[in-house]
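One chain, chain A, appears in both complexes that follow, with chain B as partner in the first and chain C in the second.
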Partner chain A sequence: MLPQFDYIRPGSLDEAVARGAGDGAVLHSGGTDLLGCLRDGVFTADTVVAIGHLAELRGIEETRDGGLRIGALSTLSEIAAHPLIAERYTVLSLGAGSAASPQLRNQGTIGGNICQRPRCWYFRGDFHCLRKGGSMCYAVAGANQYHCIFGGDRCYIVHPSDTAPALVALGARARIIGPSGTRVVPLESFFVLPAQNVRRETILEPGELVAEVLLPPPGVGLRSTYRKVRARGAWDFALAGAAAALTFSDGRVNGGRLVLSGVAPIPWRAAEAERVLIDNPLDAETIRRAVEACVADARPMPHNGYKVDLVRGVVAETLRSLA
Partner chain B sequence: MKHYLPDPDQIPGEAQPQELPPWGETRVVGRSLSRVDGYELVSGTAVYTLDLTLPDMLHAVIVRCPHAHARVVRVETSRAEAMPGVRAVLTASTPGAEIPWYFGDDGPTSRLFDSHCRYAGEEVAAVAAETVHQAWDAARAIEVEYEVLPFVIDEAEALEADAPAVHEGGNLTEQREFARGDVEAAFAEADVVLGGTFRTPCELHAPLETFVSVARWDGDRLTVWDSTQGVFARQQELARYFRLPLTSVRVICPYVGGGFGAKLSTGKYTVIAALAARMTARPVKLAVTREDSFLSEGNRPANTIRLKAAAMRDGTLTALEGEFLGSVGAYPSGAVSPYLLLALYDCANARAATTEVYTNAGRARAFRAPAFPPCAWALEQTIDALAEEIGMDPVEFRLKNLATVLQLRDDLPYTSIGLRECIIEGAREFGWESARSRPQQDGHLRRGVGMAAGMWAYPGEPRATVFVKLFADGSVNLNMGASDIGTGTKTVMAMVVAEELGVPLEQIQIEHADTGTTQYAPASGGSQTVVVSSPAVRAAAVDVKGQLLEIAAAELERPAEGLVLRDGQVVPIDDEGAAVPLAELRGLRQRQNIVGVGRRHPHPEGKIALPFCAQFADVEVNTLTGEVRVARLLAAHDSGRVMSYLTYENQVFGGMAMGIGFGLTEDRVLDSQTGKMVNHNWHDYKIPTAKDVPLEQTCVPIDPHDTECNTTGAKGLGEPAHIPTAAAIANAVYHATGVRVHDAPITAMQMVRLLAETRGD
Partner chain C sequence: MSEESGKRHDSKRGVSRRSFLGTMGAGTLGVAVTGRTAPAREAVTVESDGTHPVTLRVNGRRFDLRVEPRWTLLDVLRDHLELTGTKLGCSRGECGACTVLIDEQARYACMTLAVEADGREITTVEGLMHGEELGPVQQAFVEEDAFQCGYCTPGQVVAAEGLLRGNPDPDLAEIQKRMSGNLCRCGAYDHIFKAVRRAAELRRSTTH
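Right after this comes the complex of A and B.
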């Protein structure tokens, strides 16, 4: 059962920001994550501020610089089916299309998808864990098969989004609107590791919301893809995934990013692997070295050692598909 | 089927076996006809218990123990009682709530609200209020003080001397041994001996409609609408709990949104609803939440099976030995079964030892062929490995060792056994030989095929009474006690009536699953519904037919033997032009209706009727990621006569989809630190989706034309359809990769590691 709360439908974006900054306020766009969290008592809310009707937050259109603006309320279905995104930013199209289920993709928004709370079953369940203000992370000595192998520190969640790794791989930025104005932040700097703050996953301050996501123009020779491994064919988060957006010139990789999903508390840039790839042809030897570079810093927990093998496999398959 | 369904051998036989000649060629039975309730089901007009709203109805919710093991010290309800809309708060000390609770037939082992809570999710208190929201608010306001106790959730640890005791008297619930022949000698003399330890996961039923009851009292009479697989079993148990005569308890269930065995036994929620209804003099609905259903309303327990098998080089299976360990959860139930090990193959030397224990976890319930899929998982993989070891094709090896009698029951003969045909025809339709030798493509995807056989053990509880009523206009009312748990029972039975009375399906109305208006039938479980009820339906229809033809013979001045019923008419065989519509029979109009009564005849003496099957799987394994994709499945089943082709195929495909879950995705996870379930929702508990089930599924019915099993020739289908699927997939995975996966489910998590280990990474 949902807790009791006030529901506000603000008349403007400014009002939404003002109301969203209030104590105990949460924003409601697609609601696919929010309602589940409220129902399961993950957190509570005194005020639910609707933003799903705000036209400023909608729309997908090309920008003057040749990039793309994606309004935060764009649904994952819209993004997955958008021909321009499929053509120019394949990794994002695939990421959006592989999330959740058709029903959830019709309802869930890109803004919500990158701001969703972790799916850790201790966080979501009846456990007063560190991230909820408790004193321990139950995953450390518990059922940690779905937890992180990179970036864990006191808390070992994985970031659940399939679009966020794609956006980081593409070098996207988020335009954030809040009570003190607007700021534009690279997606890569948007997410927060447990070592920085164990209670939240993004840099958003109270009242701040993601208004839109800005994609740079696709680089020359860009090839991108997203591959996700999950426990079943649909309605599931990544056990591990790889979002690759690489640019090629003269048969060699000359730029781009490789970002892993499902293995770290944030979309995890495989920076060492990127260094291996750059200036090299994407051949078997480069891929082998990149794969090993991806897992060199992995710190598996007792029940998630398989993720090291899985990252190897999914990265190898992803890179081969771009070669 | 101990703990779940009555033992047919303990049911007194009837003096007069009712014998009808077997059907020859049928006109309706066996065809592909749409479900008689198809419109209601797909249009959403079918009223399930969860949909039911009665005037003045209250809503009840349950307060559950959050600890795996605890004692209730104090329950403070005053704040909840004062909250708006609250009409009743029930705890262990509420007058009338001190009800001893039975799990099975061995006397009470708990209470409705037991102060000793033995698993996380056990019922502690309940609230009934005007709205379900008010009930939840009040439930949260109930303060329960617990003394938290040490818990045990691991089966092996439960047997250790210093393990926390789930019940006084220790955690061992049952140990059994079965043996025939000389296993030791056979192992010593065998050319090949191999084995291994297999583990299967704890699986949750997860029916689409959750567990729900609506209770209403009229004076001392109790009416319960319940999402149940058997209204008569529920009636009996409610009568016991409330000390009422059977006639004062009416249980009704027109539609069930899935049960899979979990809705055979009475849940505490039903009794709590009835109790709250009595206290408040209002109807009360209690719908267990999805999450709480996972905790409290049953599971198929994890099995650990250590298997050893031996064969001679010529392909003779010479010895089978198994040790089975499983937990019933916190209360008496069943956990393991060596039945397949001891019955499926002809094997002179066999031994099995079973150990069942209590743990601080939700109680096991019947679950589509309860412990058979785990046993098939271990046995059929071992058989596959033996065949390879002696260099024989797995199909050929199985064919060489098929049992022809039930060795578990002193070599009792079967009324029919189509297992050989299932394997041969299945392999042929599947293209076994060519698929088996298919070359691998380059790259990291590996294809493989595997198969597994199975059988089911429950012949059914042979008692049911059915009424068939023919109205003056030629339309028909079928009145039967059986529940249709989504399998198409109503359609099958209507087809039986149509077969005998020659009326179209649209002219048949069905009343069923209501203890107030229909006659006894056993619960729909154990694959017995068609087996038990269809002969009774046939007998009732034949009774009507006899009376009708007598009337018609007099009016048409022709002998009854020369008349048949077809298309709503009485047709003289030698003068079809003289056919008369039923509505024009004066004698029928004069009587207004003809009522026929049919009773299920006893099982045949000295023989047993059981179904058999073989299933084949074609898989693709991604050797980089460990993902397993089931590309194609084929099921060849001897379930006797195909009564209704579409529902038959539905059962087979549904059973296999469930087998994909058992083999590839599903696994209840309990947190070792707290004993609490961490995946009690539909996201974290991985039921397969449409994308996990192959498009290419083939159903190959094998009909041995069994004229002895019963008067319709049908054997059960529901459980066998689920038994060998996971094992066939595991054997296909082995064929694809050379990796023998001992632990179900074969997740990418497990497979990617096993593949890496095999490569030596």
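Right after this comes the complex of A and C.
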């Protein structure tokens, strides 16, 4: 049985924001992460504020600039099955379709997927770790085979989302609504590294919620894809993955992004590899150099050195599939 | 599965927590089949130790009952509606034993708050029977020997039903992908996949 909490279903988005800003309040839409965290005592909640019924947060539609608006309550199943997303933003369709299990995709929302808490077993387990306000990261001297090889600093979580890397690769933005108004933030600036703040994964302030995700118009010559490697063939989180959204002109890469999943506390933009790709044809030599650029600054832990090779392999496969 | 048997008709609203729990303690529950329409999604506040009236439509039948905020749909199905076909496995949205259809989509009942299921159409494994006859998915699981201990089977059957309602003729790759949210610790996967193929045939021939 879940621990007790008050339940509020606000009558409006404004009320949801006001209630969500209250002490001990958490927002609830799909619930696939929240209910597990409450059940396991990862954190507590005095009040669960439901937002799953708010029509303003629903819908997937084209925007006037030729982009796409995805309401935060869109489920991963809806996104994976959406024909326009599959055609124009393939990387996002694949990311959403490879996350979790069919049941969880029917339930989990894109807003929740980018705001989910980390899956580190110390964080989820009975350990008062740094991220929960404790004094140490148990992964440093512990079982760290599933932890990060990039961006770790005191805490070594990996970001669990498969849609977040796709959104960063596509240059998506999040419209955030909160007690002090609305702001629109590039997804790339949405996630927080442990060095910035070890207690939170996103820039959301109390009461703020992601209302929608905004995709820019697909660039001319855009090709995109997502690949992920997992420990088991059926559903699982990524051990390592690569989301690529590259634009091509005259047979050469002329823009775009390469973002790694499962290897860093945030969706990890492989900026050095992107520089290698730009102005080059996507041939074997370019891919080889891009792969090495991806792992040049990897800092594996005692038990996760295999992830360096996984990144090499998954990036090479991903890029080859776009050539 | 006669969920109305032994149940008291409770048309009163605003049952106190004490009397409600007394009712529960007596092994009965105020489950009424009434004419009340499903509540709109109006603003709701429920204290942690209070209850809220919901209407669940389960297997085509309507249940009006009061739920605590923390009760999951699984808690309510098993402990309050006595629909124990839906199983409690991991309690964390990983194993699929509690799979039900909510508005035709396979979901985990252990990860769904009952208060959020208000007004939804819910199908459990009991709802796949035709009277005393097995439905086509259940029949296929029997024919293909698609279980050993059987604990995961109701969830497997409902997941397969959800798959086939959306795609009446899935290929093996689609079946493997769409059944991946249901674990079988006996490892009967090959037989389960065959059963889903067989179920697709049976469903087509019986036009249910």
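Points to keep in mind about this one:
One rule holds in what follows: the second predicted complex is superposed on the first by the 322 of 323 C-alpha atoms of A that agree within 3 Å, B and C clash if a C-alpha of one lies under 4 Å from a C-alpha of the other, contacts with A are read in each partner's own complex, and residues count from 1 in each chain.
By our rule, a contact is a pair of C-beta atoms (placed from the backbone, for glycine too) under 8 Å apart; a residue touches a chain by one contact, two chains touch by 3 or more.
Quick caveat: nothing in here was measured; it's all calculated off a predicted structure.
In the superposition on chain A, contact is made by A:Asp126 with chain B only, not with chain C. By the touch criterion stated above, A:Thr32 is placed in contact with chain C alone, chain B being left untouched.
Contact with chain C, but none with chain B, is seen for A:Arg9 once the two complexes are overlaid on the shared chain. With both structures placed on the common chain, the touch criterion links A:Trp235 to chain B and to chain C. In the overlay built on the shared chain, the residue A:Pro102 is in contact with chain C alone; chain B does not reach it. Judged by the touch definition given at the top, the superposed model places A:Met1 against both chain B and chain C.
Applying the stated contact rule after C-alpha superposition, one finds that A:His53 touches chain C and leaves chain B untouched.
When the shared chain is aligned, chain B comes close enough to touch A:Gln145, but chain C does not. Residues 1, 101, 234-235 of chain A lie in contact with chain B in one complex and with chain C in the other. Those residues of chain B whose C-beta lies close enough to touch chain A in the complex are 66, 132-133, 136-137, 444, 622-627, 664-665, 669, 671-674, 676, 678-679, 683-684, 686-692, 747-750, 752-753, 755-756, 761.
For chain A in complex with chain B, the residues that touch the partner chain are 1, 101, 119, 121-122, 124-127, 138, 141-143, 145, 229-236, 239, 305-306, 309-310, 312-314, 316-317. Within the complex, the chain A residues that touch chain C are 1-11, 15, 28, 31-32, 35-36, 39-40, 46, 48, 50, 52-53, 77, 100-104, 106-107, 234-235.
Those residues of chain C lying in contact with chain A across their complex are 41-49, 52, 68-72, 75, 91-93, 96, 99, 105-108, 110-113, 115-116, 159, 162-163, 176-181.
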